[in-house]
Each structure stands twice: as structure tokens, then as C-alpha cells.
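Two complexes follow with chain A in common, the first pairing it with chain B and the second with chain C.
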Partner chain A sequence: MLDAGTILRRPFFWIVAAIIAAFAITPSIGQNVELREDLLLAAVYITLASNLNLILGYAGYVNFGSIVFFGLGGYFTVYFVSVLRWNLVAASLVGGIAVSVLAFVFGLGILRLRGAYFALATIGVNEAVQAFVTNFGPWGGGTGIYLSTELFMPLGGPAKALWIIYYALVGIMGLSLYLSFFIKISKFGLGLLAISGNEDAAAILGVPTPRYKAMVYCISAFLPAIAGGLYFFKSAFIQPSDAFDLNLSTEAIVTAMLGGQGTVIGPALGAYLYEELRGWLLTSDTFANFQLVISGALLLVIVLFAPGGLMGWLYRQWPTLKKVLE
Partner chain B sequence: MTTMIGLFASLVDGLLVGSVYGLAAMGISLIWGVMDVINLTHGAMIVAGMFSLYLLVDTLGVPVYLTLPPIFIGGLIVGIALYWIAVHHMIGQPPLMSLLSTFAVNLVLIGLGTAKWGTVLFNVPVSLPGASIGRYTFPGTHIAAALLTAAIAFLLYLFLFHTRPGKAVRAVSGNREAAELVGIPTTRMLAFAFGLGVALACVSGMLIGTLFPFTVLSGDAYQLKSFVVTVLGGLGNPAGALIGGIAIGLFEGLTAPFIPVNWTLVFEFVLFVVVLIAFPGGLLSLRLPRRAG
Partner chain C sequence: MTALLVIDNLSKRFGGLAAVQDVSFEVKECEILGLIGPNGAGKSTLFNLINGVLKPDTGRVVFRGADITGLAPYLVAHSGLARTHQIVQPLGAMTVRDNCTVGACFGRENLPLSQARQVAEQAAVFVGLGDRLDMPASQLTVAGKKRLELARVLAAQPTLLLLDEVLAGLNPTEIERMIEVIRNICESGMTILMIEHLMQAIMTLSHRIVVLNTGQKLAEGPPSKVANDPVVIEAYLGDPDLAAEFVGALA
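So, the complex of A and B:
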């Protein structure tokens, strides 16, 4: 089982700590706002990809609509803060829990489906939730909810709040990486990998497949929900088309597969590289509208030729890397 | 005020429009049934049909309904090309892989489309005399679309059941190895079947283009509707897809007078998930023998 000694001795634990430190410290030097915004987006992408990896890479179930957790978390948090006047910490935590509960309810319905049917159903869930929220008055319907600047006062004003939220998001990103790591080296993770290999065989051998699938689906919802809450609070504005944007879901899948699904660092690496590429594409004149085309082309190449992603390729070149970079 | 005749008119209109949904879904159902592939470029192909209609009518001045044959043939060719690019490699692998590869191609196509045309609304005005019953008029375009759909569905049936290539396609979907053994060039049949499915998508796009305005992103909504319809009718069952389309059309016709349009989407997706869970073989499987897979 997991014990502090084993974990602290694995190099990867410290690698993740170094990554978190790098994210936290580099923009703080000289209060570099541009770098902070860039890394904030990267942290969000990494969080989404890592948590998606739990169900995609470990259990082998493709969640096309993973963005629904992000969006719902955003809506819960924004609603709690603006209407019920809770503070951000309570709002995002309760939002995270609420979304996990909803994930459990959705999961009861769709987790008995396999493979492609499950993937299609997850799209259905995202679209249904988006359609519902668009019609839901208390949450602003189609126009969404705006946050007034006074709500940023408890955090010390808008400028300071942005820094606090950034550190919080870096923290969530770090938690996602550690969560992914701990699950991977635990018995739960082994069970998930068995499900991905051959679900029926795993069940026969004693892996409690329905319970594990429900657990991983709920767990994969929690941190993205909190991240969504923080992100949309920071944006001071949330509307259904942004919150439930299937493109972000797609990008999570592409980045997780690009970096190497089933590894811990893979999705994070893929997400970071993709976010930098995307940022560059958006600012370049010729390619401004091309990020979807690039995502698509990347995904096609990965699916056809390199399903193991970047890490899969790296592991084949240097097998010893597996012990260090998980 | 909703009167009984008003409801009836709504239902009939729903039936007309629903049949076009059914046509769109037949493309997905055919491909799924023949080669176990879920074609996520379907939405992009519907949009391709819509834009082909627009370009042919606007720039070349082709009469609206005469665009159907070239669009069908264009779709066939594009479909066969798509097969070789994204699908051939994935046959025999879990359906998830072809789902992802076709999804990837869809991203590329929609991305290129939005780069070229943005999200501007396009419209192809078609004036056709409609049929009136009392105060209610059924638009001529709806009637024409439904009639053409029926014609195409009938032609598809004739093809699949009364021609050699059609029977070959059905043989491959039944048992690929056995089909190879009796000398059917299965790979070519698979490519052709895929082309046929895409052609159906393009033609349904063209017909939808005559009914409603559209953007590059409209394909997504119709693709999702196609999935609901296909699942209702049973994946792999083109006849079921047509019936499912009509069922959805009737459902929309029934609820439209009472419920704001946006809520129908919620119901359809809930229906989608419920049917996937409760009746994986589609509603028709309740009577007919279940297909494996």
C-alpha cells in the first residue's frame, strides 16, 4: 500500500513538486502578469487533461464531455458567490462536491455502457446539461451570470485576487498530478488498468468493476469542477457556450493522448505543449483560426500512428525513464 | 391557442421534417452496420452538403433540386477518400479508435470551414408552392424534401436488396470473412459503403439547406440529432433510422406548440441516453431479433 516512505523515495514525487514550484515562482519574480496568464491557462489545461486521464488513460473509457464538470463547477461557484454571497473557498469546495455528486448520478446511468456507446453518451450528457442551463433562469439562462467587482474585495481587490486565484489554480494542478500519481501506484489504479485491458476478465478476477468505474468517474469530476469555479470567478462572467464548450473537452482528449495517456506526466506534458502551440497559433496572423485544424490533425496522427503519445515514444527510446518520469 | 387541427398540422410538419432527419441518420446507420465504425465526420458532411447547395445555386445558378445528383456523387467520392484516410487502418480495432480518427478528421474539416466562412449565416431561398389545409400551410420545401427522402430511401432499398453490389455490401456486413471466401472484394465494398453513408449525409444536408438557414457549425446539431435517431432505430438498421427520424420529427411536432424550442433538445438527449441504456438495439429490436453488437 501507499506509505510516506515509499512515496518520498520515488523521484517523480519531487519532479511534480518542482513543477508546482516553477509555476508558482516564475511569474512572481517581477510580478510578470503576462507570464502568469499564460501559465494560468496552461495550469487549467493540465488539470483538465490529468483528470480526464484518470478515466481515459487508466480505465480506458473515453469521456467526450469531460468539460461538463468544469462548466458545472464554474456555475455552482459563481452562483454561490454572487447570489448567496459565500466566500470563494467555500463556494468552490461545495461546488466541487456538488459536481461530484452529479457525476455519480450521471454515472449510474451511463457507466453500464461500453466503449463507443459510453463515449457518445458523454457527449449527450454535456449537450443536455448545456441545453438545460441555457434555459435555467436562476443561472442566467442563455446570457449567463456577471460578477461585479465588489465580489473581489474580500480577496483584497481585483489585482490581488488574480494572483491568489492563480496560486490556487497552480495548487489544483499540483493536486491533480499527485492524485494521478497516487492512483497509478495504488491497488485502485491497478484495478482501473485491468478494466482498461479487459473489463470482463478483470471482473471475473475479482476487481469490483462497477464500483471502481463509478469512483473514477466521480473523482475525475472533482478537481476540474473546482478549477472551473476558480476560472470563471476570475473571468467574472460565465455563459453556457463558454462553460460547456465541447472544443475544450476535445482539446483535453487530444492533449492527454498527445502526451501519453495512462502515464502521469504525459497528459501534463501534452497539455502544456498544446497550450503553448495554441497560444502561438492564436497570435499568428495566418493561423488564427487554425487551432481546431491543428488539434484535429494531431489527434489523427496520434490515433493512426502513435497511440502511446509522446511518453510512449520516449519510453521506447529510454526504458529507464519509466522509473523516473511516471 | 392550440386547436386539434393546429396540433395535427404540427405533427404532419414534424413528420415531413423528421423524414429528412431519418435520411441523415441512415448514413450513420449504414456505416455502423456494415463496418462497426461510428462516423463522426457526419456533421461536417452534412455541412458540406449545405454549402455545396449554396455554392451550386448561388455561383453556378443550378436549379435547387437539380443539385441533388452531383452532391450525391460528390459525397460518394469524398466518402471513399475519407475511408482510405481515416478508417481503413481502424477496421477490426475497437470502434473507439475509428470514433477518434473520424472525430479528428471532423475537427480538421470544421476548422477549415470556419477559417474560410466564419460563423456567418447562409440561406438558400427556395420558393415552392405549399399545400394548405384551412389556415395551415405546409411549406412546399418541406413536402419536396420529404418526397425526395422517400425516393432516396426506396432507391437505397432497391440497391441493397436487388442489385449485386448491394447484396455484396450486405454480405460484408453480415460476415466479412465469409464474404471474402466467396470472392467479394471486401475492402472495396467497405470503401463503397462508407462513401454511400457519406453521400447520404451530404444529400440530407442539401435538403436541410432548402428548409432552414445554416452556418458552418450547424452540422453539429444535426449530427447529434442523427445519433439520437440512429440509436432509436437501432444502429446498423437503415430502415429503423428512417422510422426513428420520423419518430423524432413527430415528437418535435407534438411538443413544439407546448414547450419552448430549447427544451426539446434536453428531452432528446435524455431520450438518447435512456435508449442507449435501456434499448441498445433500438426500439425496433423489441420486436425483431436482436442484432449482435
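So, the complex of A and C:
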């Protein structure tokens, strides 16, 4: 099923490729820094929403604390780069793996819970990690870690480094979309959808539910952790309240649901639109810091009127769209 | 014929209630064994003990020579023992095809996805859902959902099928069709252990019957013998005098 030929024949494979190319090319034309910063945030939001979608949309487990992966990834990378003087690639990769391993350990504990109890436990994990990091000396405690500009030198200086990090984040976004896509069309994905449909029935049909849940929780941690590493390296500063900001977790849920959880393109579309809206709200005089009110209202509207999100609505209007957009 | 499944002294208590007490019997290869008994006799609990949903307090379940007592339900499914539910459990938003594909993918055969799709379609056609492959499972009628329960486990190509009241809630025409389907399944070489309240159906379908009452095995034997056993009739009617009268009327 997953051989190269079948995948290359799927139009969706090329649609994702086009999205990645558009992200990579548009700001490069005329070195548009403002557009780059805008799309960088969009790429981060898409990465967070897509990976959250693996557990939220596919397996049906509401993870309110998904930001803990992003924050921990940021801390590992920043620590490796600034204190251990590793290069950025090694630091963010090892950071991603370390966070995935931690996710697996957390998962063993909290994936026994279901529904609201699981959701609460994920918030608990995020808060516990934040409390730990705030008191963890080597990571700077509550004040966090600053990166000196000389650390950008290996990447050709700060100006060039920002472009490299942008391209890397677009790459991570692309990998997130392809990961979502491959899981969706795989046997693993079918098992996850079965768990979401009815976990007990899925287990009786033979789906190895404990293993699949642990795997998806673990996988959904990897790319957000790397994105966190790159993002906080770029910021040259990380502190607990930024790294483990529950608002970002909530926003990831809103964006995934806005676009249509369980689809591949939905969370990405939701994340992009939400990021654009958020950018506009933040810069508008009347609505500054209004984005959380909007996201709350959006969530309410989606849950009440369009549980399938934008993609659900689009599929209803044009059912043939299902064949092209996964 | 050799024993495919051996139930050996199984017991399960829920607090003060002995749901299943020292029940032992065997299911032989290629037979249909009916499991009957009044409400609360422990039939569904026994199914839950067999397929690992519940762990027994004492006793063993031996399937194809291997001890599967207390194994997780998905491992039991992998070993070739499939089960349907009394209360239908469709995977809601998924289509009929995907529901069956889950069975084929994760059951005994552990098929790759593309092959599983084909087996799933065949299973759906076999139970008469061939025209509703792309319908979300939640939109099926009750009879359709019952068929889906069956198609899903058939797609897994199990050695032994546990059927929990697949006929309940169906109308007479649907029951007749379903009986035909079950007979065909048995003829294709699968062994069936089924719980059923519809006496006429289970008496005609089963090769042998096991009767449970208040968690204990009350009787075992061919349908004709069990149906006329005063002890069994008493368990259903709850009154020895009434039972004697009933047996008298039958004679």
C-alpha cells in the first residue's frame, strides 16, 4: 500500500509539495522579511496543529497539553547549543528524540485515562513540567536561558541564520503534513481511527490499543519538539512561561478543529487562517490581545454548528473533494 | 472431533454476586454450540471471560491448545477468536468498508491494508451489506448494524466465532436471512459459540446446547434433549409445578 508508485500517483502528495514550495519561495522573492516572519509563525502553528491532529483527530484523544513537547524541545535544544556547544542540527534532533522518549513515559501513565480525565492529565503534565523547569537550575530556573549572538555565527551570522531557520521550520511543517498523510493511509492510521470510533470494540477486533496510543502520543511529540528547538533558538531566549504557554495549546486545538480534525489538510488550513487572523487582531488598535476571545467564540461555533470544521463543510458542498484533499 | 475451546472451571464474582461459577465445557471443531439461559445467567460474562475483556477469578480458557486465560482482548483476537456484541458497537464515523477492514487488518490473518480491503468487501457482501460499503456505520439500521458486527468478525477470518445475540431486535424476515448466513459461516469451516434467546432459532441451528442458570452450568446436550429437560424448563419458568405441567403438556 505504501509503495512509492501509489504515493506519487496520489494528487494529495503533490498538493503538499506545492504548499511547501509556496512557503519556501514566496518570502525569498525580494528577501521579504516581514512576510517571512508571518509565514514562520504560520509554519509553527501548522506543525503544532498537524501533530496534535494525530492524537486528537485520528485517535480521538483530546490533548490539552501538546505545547509541552514544543517547550521541552526548545529547552533541550537551547541547552545543548548554549551550554554544551552542539551544532543546531544535532541539538534539535537529539532534543526531538529526548522529548519523544519522555512523551512515551508520560503516555504510559496518562493513556490509561479516557475522555475528560485524559484531557485534564495532559494539562497536568504541562503544568508539572513547567513547575519542574522553573525550579531547575541548569536550565536557568524562572529566568530562562539567553543565547549570545555569537551562537548564530556557525550559520553565517544572525541575518542569514534567520533565513536558514525559516527554511528548516518550513521543512518541519512539510514533514508534519507528510507524516499526517502517511499515517492516515496506513494500517496504523486505520487502527487509530478505530480507537477513536470505539476503543473497546477496536481492541476486541484486534487493534493493539495500548501500543498504538503510546506510539501516536510519542510520534506526535517529535516534530513539535524540533520546531520548538528551532523557534526558541531563533528567539535567542527561552523561559518557562513562554515555553509552556497553555494558550498556545488551546489555540492548537482550536486551529485543528477549525480546519477539520481527522483530515490532513484541515488542521493546516485552520492553523494558517487562524495565524493570519491573530496577526491582524494583534496589530489592530481596537482588538489587541483579543485573539483568545475570538478563538473561544470560534471553538463554540465549530462545536455547535460545524463539528467537521472547514473541511467537513467543504466535503459536504463538494463530495468529490474527498478524492483529492485528504 | 477435537476440542477447539476448553472452558475449565471458570469463575467470576462481582462483589457478592457469583456471575459465573465453576463452569466447564468444550467447543468442538466445526460445531455450532448454543449457549442459553435466563437473563442474568452469566452468558455475556462468560463471553467476556473467554475473550479477555474480564479476567476470571479462577479457572482456565484453553484455545487451540494454548492457555489464553486473562490475555488482553486484542491478543485473543490475534489468536483467531472473534466476538460480536449483544449491543452493537459500530466504529461510528467509519464506513462499512473501513469497519470490516479493521477486522481483516487486525484479526487472525493480520493482513496488509490493500488485501484487507478486498477481504473486508467480500465479508460485507457475504452478510448482505454489499450495497452499503461506503455508508457511515452509524447510519445503518439496527439490522444493518447487526450484520456489520458479523461482517467485521468474519473479515478477520477467525477459527472460532462468539456470537452474542445476533438475532435480537431483528424482524422475522431478517432473522431467517441471518440464520442462513450463520449456517453458511459454519459450512465454510468456522466453529461457532452463540448466545441466543430465540429458542426456535438456536434449537434449529445448534448441534449442541449448554444451559447456564445463576452462573452455573445446568445442562448440556443435543437440542432435543435439553429442550425437554425438566430442570431447564424449571429454570426458565421458575416454578417446579408449572414446569412439570409444561413437560406433561409436551409429552
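The rule we apply is simple: the second predicted complex is superposed on the first by the 326 of 326 C-alpha atoms of A that agree within 3 Å, B and C clash if a C-alpha of one lies under 4 Å from a C-alpha of the other, contacts with A are read in each partner's own complex, and residues count from 1 in each chain.
The criterion applied here is as follows: contacts are C-beta pairs under 8 Å (C-beta built on N, C-alpha and C of every residue); 3 or more make two chains touch, one makes a residue touch a chain.
Being a predicted model, the structure only gives us computed values, none of them experimental.
When the two complexes are overlaid on chain A, chain B and chain C sit side by side with no clash.
When the shared chain is aligned, chain B comes close enough to touch A:Gln291, but chain C does not.
Applying the stated contact rule after C-alpha superposition, one finds that A:Val303 touches chain B and leaves chain C untouched. Once the two complexes are laid over each other on the shared chain, residue contacts for A:Ala119 go to chain B alone; chain C is not touched.
Shared-chain residue A:Ala202: touches chain C; no touch with chain B.
In the overlay built on the shared chain, the residue A:Lys187 is in contact with chain C alone; chain B does not reach it. Judged by the number of chain A residues each one touches, B leads among chain B and chain C. Shortest separation of chain B and chain C in the overlay equals 10 Å (C-alpha atoms, whole Å).
On chain A, the patch touched by chain B and the patch touched by chain C do not overlap at any residue. Contacts from chain C toward chain A in the complex involve residues 51, 53, 72-74, 77-78, 82-83, 85, 89-94, 98, 101-103, 105-108, 112-114, 116, 137, 152-153, 156. Those residues of chain B that touch chain A in the complex are listed here as 38, 86, 89-90, 94-97, 99-101, 103-112, 114-115, 224, 227, 231, 260, 262-263, 265-266, 269-270, 272-274, 276-277, 280. Within the complex formed with chain B, the chain A residues making contact are 62, 109-110, 112-113, 115-117, 119-121, 123-125, 127-128, 131-132, 134-135, 250, 253, 257, 289-300, 303-304, 307.
Interface residues of chain A, counted against chain C in their complex, comprise 1, 185-187, 190-191, 193-194, 196-198, 200-210, 262.
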